[in-house]
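Two complexes, one shared chain (chain A), two partners (chain B, chain C).
Entry: the complex of A and B
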C-alpha cells in the first residue's frame, strides 16, 4: 500500500478525523453552539458517505483486516448517511434538550466509523474492533442527557448488556480460533461449512459460533436477547436511539450476512436455532408491542419484531434471501429514522414525547411531522405504497422460495397483529381528541430536522413505488459477500 | 390511447396531493368536483367509443411496461367490458359523493376530499390491473383512505369501526399475499418465467392440495371484502359510522372489488380448487342471503339495515359468479352495477334525512310522505328498485343470475327466489314505517333541494334505464364474459375435495 492509495481510505479518515477534530472544536468557537456543532458533524458524515460511494477502491484488501468492495462500501455509506440524518435531528433537539455540545456529534462519527469497520472487516478481530468502537460511542450517546436520570439509566443498561455481549463474542472468537486456527472470516466460515481442504469443525468450534451468535443477537435485540431494548429506547435521547436502532443493527446484520450468505446454506444446527429465534422474535416483539402506551417502548418492541423479519430473510439465504435482507435493512433504517426524527421533533424542554395519548389531535396542529410519523408507521406495518411493503414482500418471497412455509405464515400472522399497534398511534394523531386547539403544545419545527424528515418520508414512499434500482444494486452486492 | 388508463388511475391521486395544500373549502370542493367529473367524462367517453364499436375485442385498452424487473413485475393495465362498467360506476359515484358531501363535511375539507380522491385511485387501479402484484398494491392502497374517511369524518363509534374495518380487511389480504407469492413461485419454477401477469399465471399447473390451500388464501381475502357470511361483521359497523360519502363508496364500489377479485383472479387461477370448494361457497352464500335478511329485519338504524341488505345482495352476486356460466356472470356484473346505484342512492337519502333530523333511528320517522313528498317518492322508488321490482334495474340482474343458476342447480335457484321474498319483507316494512302511518314531528324539515335533486335524478334515471334497457350494459359485457367462461371451466364433477 502506497501513499497514493490512501484516498481509498477517505471515508474512514473523514469519519475518524472528523470525530477527533470536532471534539476540541467547541474550544475554538467564540460561542460554542450545540446546534452548529451537530450540523458540522452531519456535514462530515455526509461527505464520508458520498466519498464512500464515489471513490472506487483499487485494492481489494488491506492487511487482511479490511476489504474494499461494493458490499462494504454500501454499508459504509449507509452508516455515514444514518449518522448524518441522526445529527440533523440532534441539532434541533440539542437546542431544547441538553445532550451536550461537541461530544454528541463527535461520538456519532466515531460510532459510524466503528460501523463501517464492522461491515468491511475480513477478519473476526476486525469485527470485534468495529463492534467495540461502535458500542463504546453509543453508551455515551445514550447517556448524553445528564439532566435526565432515564437517559443515564438507558446508557448504563446498554453498557452492562454490551459488556456481556462483548464477553460472549470474545469467547466465541477464541473458541473458533482454537478450532479452525484462523481469524479470517473466510477461513473460519469455510471451516464451519466444511468446505474442501479445511479441517472438519469440532464441537468446540460450533460452540464458538453459538457464542458469536449470542453476542450478535444481543446487539440486534433478537429473542431471547432483546430484554434491554425497551428500557434503553425509552430513556435515551431520541436522535441517539434512532441511530442505535438503525445503523448499529444494520451494520451487525452486515456481518451476520457474511456468515450465512457466503458459503451456501448455514449448517442445519445453526439454521434450526435461527428458525426458532426468528419465530419467537416476531411473535414476542409484536405481541408485547400491543400493550405499550409509551411510543418509544412501542417502537422498541416493534424494532425487535422487525429484526425477526430480517432474520427470516437471513435464514432463507442463500438465494434471494441476502438481497431481501439488505433491502429490508435499508427500508427499515429509513422508516425507523423517520419515526425517531418525528419523535425528536415532538420532544420539547419539558421532556421527550412519551405517552402516545399526548398526540391527541396533533395530526392537525402539526401536519408535517405527523404526516412523516404516519408514513413511517404505515411503512413499518408493511402497507403499500411504502418501502416497508416491498421489503416484507421480498422477505416472504425468499422465505417461501426456500421452503420455509411455516415461518412465512408465522411472519404474516404477526404482521397482522402489528398493524393494530401501528394504527393506534395514527388513531391518536388524527382521530381522537378532535379539536386542534386542545392538542398538546409541542416545540416549533426546526429546519434541519424538517429537511431530514421530508427527505426520509420521500425515500420511504419512493422506494415503495420505484424499488427497482435498489433491488438490482442489492442483488449485485450479494454476489460479492466475502 | 395507452395513456388513458394511467391518466384515469392517477389523476385523482395527483390532484389529491394538490388539494392537501389548499385551505379554502369552496375551492377544494369545486376542484374535487372537477376532477371527479373529468374521471366520469373519460369513462363515459370510453364507454361511448366501445358502444360505437370503435373499441372492440376482449380487451378494449391495454398497456404493459416492465416495472420491477427483478421480480418480473409489470405495470400492466387492461380494460375490458367488465372493468369498463365498474370503472364507470366508480367514476359516477365519486362525482356524486363530492356533491353529497357539499354541506355535510365542513371541517378538514381538504383532507376529506384528498382521501376521497386517493380512494378513487385505489379502486380504479384494482379494476384495471392486469398484473397480480399491481392489483394487490391497489387493493391495499384502498385501505388507508377509507380508514381515514371513517375514522376522522365518521360519527358514533367511528374509531372502533375504522379499526375493525382495517384489521378485518388486512387480515384477509395479508393471507392473500402469501397465496400470491405462492402461485408466483410455483409458476416460476414450472415455466422458468417469473411473472405476476394474470394471463400467465392462469396456466399454472398446481397439485390439488396446494391449489386448494392457495385458493383458500385468495378466497379469504376477497370474501372479507364482499363480505360473505360469516366474515361480514365489520360491514354494519363501518357503514353505520362512516360519513354518507364513505357509506356510498363502501357499498357502491368497495364491496364490488371483492366480487371482482373472485371473478377475475380466484376462479380463473384455480378452477379445480374452485370447483372443489363450490359446495362451501354455495352454502355460505345462501346462508348469507337468509341470515342477512333476517338480521336486517331487526335493525333500528336505517344505515345498518341497508348495510345488511348489502350483505344479502352481494351474496347473489357471488352465487352468480360461482355458477360460472355466461348468463349468470353477466347477471352478476350487471347486479354489481345495479347494487352500486341503488344502495348508493339509499345511503345518500339516509344521509339527507340524517342531515335534517340528526338521527337515523327508524322509530323517529313516520308519515314522512305528508311532510316531504318528493323525498319520500324517491326513497320509495329506490326501495322498490332494491327489492327487485320488474322494470327496474335490480330485477334484470337478479333475473339473469337466477336464470343462470337454474340451468345448473335448480334447487339453488329456488333458494334464491325464496331469499328475494325475505328481501321484500324487510325493505317494504322499512318503507312503511318511514313513509306512511301517523306523521311524527318534523321541525324545520325541508324537502329536497336543487343540489340534492341533481344527485338523485341521474341515479333514478339509471334505475329505470337499466331496468327497461339492460342491453345497454349487457352488450359491453357479452364478449369478455363469454371469453372468461370459455377460457376456464369450473367443473364440479371433479370430486368433492381437491
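Entry: the complex of A and C
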C-alpha cells in the first residue's frame, strides 16, 4: 500500500469514509437537521464522482480487487453522481416526510461505495462484496420512513428477495470457483469461454454461471425475477426508489456487460436464454404498466421493460451493442431519476404521490416540476428530441446489425405500446376542467431538488439533441476488455 | 476410512439441515441446525482447514445459534400445537446425528499414528490463512468490515425508537 494507491483509491475512500464521518456529524452540529445532512452527503458524493474522473491510474489494479480502467471509473463516477442527485432530492423530501437522522445520507454514500466496488471489481469476491454493500444499504433506505407501514413493507420485500438472490449469487460464485479455481473475473470468464491454457468447464461451472445470471436477473428485475419491483417501488421513499432503480441496476449491468462482452464460445447458447428473457421482459413490463394508476407502480413496470431494452443491447454485443447499452443506461438513469425526483417533489406531509389522477391540472400550478416529469416521461417513452429516443435508436440499430430482427420488432412494438401509459400521465398533468381543481395541495418547491431536476432535464434533452460526445466516450470505454 | 467418515458426516449434515427446515417447533429446528454446523465443521477439518472448522463451530454453532435461541425465546411464539409424541421420537434423530458426529470426531482426533487420517487435500494452517487474508485480500477484508459496520448502522436505525 503506497501513497499512489491511496491516490487511486480516493473515490472509494471518499465514499466510505464520508459515510462513516457523516454518522457522528449530527452530534457536532448545533441543530442537526435532515436537510443539511443530506446536502453534506450529496457534496461528498459529488467530490467522489469528480475524483473518479480525475484520477490517472498508475497501475492496472489494486489488491487483486479493484480495477481503474476508464470503464470502471466511468461507472464509479456514475454511481457517485446518482447518489448525489438522490440525496439532493432527499434533502427537501426528508424534511417533509419523516426520515430523520444521519443514517439515510450515510447509507446512500455506502450504497454508492458498494456500486462502485461492484462495477469495477476484478474479482468475484469484490463483485459479491459490492453487491451486498449495495443491497444492504438499500434495504434500510427503502424502509427509512418508519411512520409509513408501506415503506417498511417495501424494505422487507426487497430484503427477502435480496436474500434469495444473494443465495443464488453466492452459490453460483462458489461453483464457479470450484470449477475454475480462480476468483478473478477475467480468469473465470476465460475458463467459461474455453480459452487457451484453461481446463474444460464442467457441469458444475456451468451451473454456477446459470445461478449467477439468476442472481443478477433478480437485481435488475428481468423477466422471471421481476415480481418484487411494483410493491417495492410503491412503498419506498421516492428518492431511495429512484436511486435503487437507476444506480443499482446500472452497476449490476456493468458486471453483466463485462461478462457478455468477454465471453467467447458459449455466446450463442447464452444469447438464446437472454433472447427469451429480453423479449418477455419487454412484453410483460410494458403490458402490465398499461393498467396501472399508481405512478410509482407504473414506473416500476416501466423500469422492468426498460431493462429489457438494455438486455437487447447486451445480446447484440460485442461490437456496437455494448456502447448502445452503456449509452442507454446513462440516458435511462437520467430520465428515471428525473421522474422520481419530480415524484418526491410532489410528495408532501400527507403521503407520497400515488394515483396519477391526483396530478390533474398540476401542470399549470406547478409548471417547473411538471415540466421535468413530462420531459422524463417523454424520454422514457422514447420520443425525440430526448435521450430516450437516441438510446432506443442505438439499441435497435445494433440489434438489427447483429441480425436480431425479431427481437428488434418486439422491442419497437412494445416501445410503441409504452407511449400510451407514459403520455397518459402527461395528459393528466396538463388537463383542465372537469372535477379537477379539487386542488391536491402539493408542497412548496425546495431549492436543492429543483436544481437537481433542472440539471437532469437539461441532460435528458441535451443528450437527445447532441449525443455525439457521450457516444464517443462510450465507444472509447468499450474498446477496453475486462 | 477417510471417505467413509466424509460420507457419514455429509449424510449427517444433509439430514440435519433437512430436519432443521422441516420442524414446526423453532427450538428443534435450531438444535438441528447446530448439529448441521458441527458436521460441516468436521468436514472442513478433514479437508485441511482447521481454522474454518473452528470458526464454523465457534461462530455459527456457538454465537449465531445462541442468538437465534435468544430471539426465539424472546419472541414467545407460544407453544406450538403439536400432538404429544413420545420422547424418543422427538429427540431420537438428533441423538443419532450427535452420536455420528462424536464417533467421527473421536476417530479424527484420537486416530493412532498407525492409521493417520491424512487431510484430503492441502493443509492450510491458521497462520497461512491469516497471511493470505491480510496480504492478498486486504482490500476485501476492509470492504467486508465496512459492510458489517453499515449493517449495524442500518439495524440500529430501524430498531431505535424516534423521540418526538
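One rule holds for everything that comes next: the second predicted complex is superposed on the first by the 467 of 482 C-alpha atoms of A that agree within 3 Å, B and C clash if a C-alpha of one lies under 4 Å from a C-alpha of the other, contacts with A are read in each partner's own complex, and residues count from 1 in each chain.
Definition applied: contacts are C-beta pairs under 8 Å (C-beta built on N, C-alpha and C of every residue); 3 or more make two chains touch, one makes a residue touch a chain.
These numbers come from a predicted model, not from an experiment.
K.L.:
What is the contact status of A:427 with respect to chain B (first) and chain C (second): first, second, both, or neither?
P.N.:
A:427 contacts chain B only, not chain C.
K.L.:
After lining up the shared chain so the two structures overlap, which partner does A:364 touch, if you call chain B first and chain C second: first, second, both or neither?
P.N.:
first
K.L.:
By the touch definition at the top of the document, which applies to A:400: first (chain B), second (chain C), both, or neither?
P.N.:
Touch status of A:400: first partner only.
K.L.:
Is A:53 touching the first partner chain B, the second partner chain C, both, or neither of them?
P.N.:
So A:53 meets neither chain B nor chain C here.
K.L.:
Is A:472 touching anything from chain B or chain C once the two structures are fitted on A? First, second, both or neither.
P.N.:
first
K.L.:
With both complexes overlaid on chain A, does A:378 touch chain B (first), chain C (second), both or neither?
P.N.:
A:378 sits against chain B, while chain C stays out of touch.
K.L.:
Looking at the overlay, does A:415 come into contact with chain B only (first), chain C only (second), both, or neither?
P.N.:
First partner only.
K.L.:
Give every residue of chain A touching chain B within the complex, in rising order.
P.N.:
Touch residues, chain A against chain B: 364, 378, 383-385, 389-390, 393, 396-397, 400-401, 408-409, 412, 415-416, 419-420, 423, 427, 430-432, 467-468, 471-472, 475.
K.L.:
Mind listing the chain B positions that touch chain A in their complex?
P.N.:
67-71, 108, 136-137, 140-141, 143-144, 147-148, 151-152, 158-159, 162-163, 166-167, 170-171, 174-175, 177-178, 181-182, 184-185
K.L.:
Would you mind writing out the residues of chain A in touch with chain C in their complex?
P.N.:
Touching chain C: residues 1, 16, 19-20, 23, 62-66, 98, 100-101, 103, 106-107, 110, 113-114, 117, 123, 125-126, 129-130, 132-133, 136-137, 139-140, 143-144, 146, 155 of chain A.
K.L.:
Sort out for me which residues of chain C touch chain A in the complex.
P.N.:
For this pair, the touching residues of chain C are 136-140, 143-144, 146-147, 149-151, 153-154, 156-158, 162.
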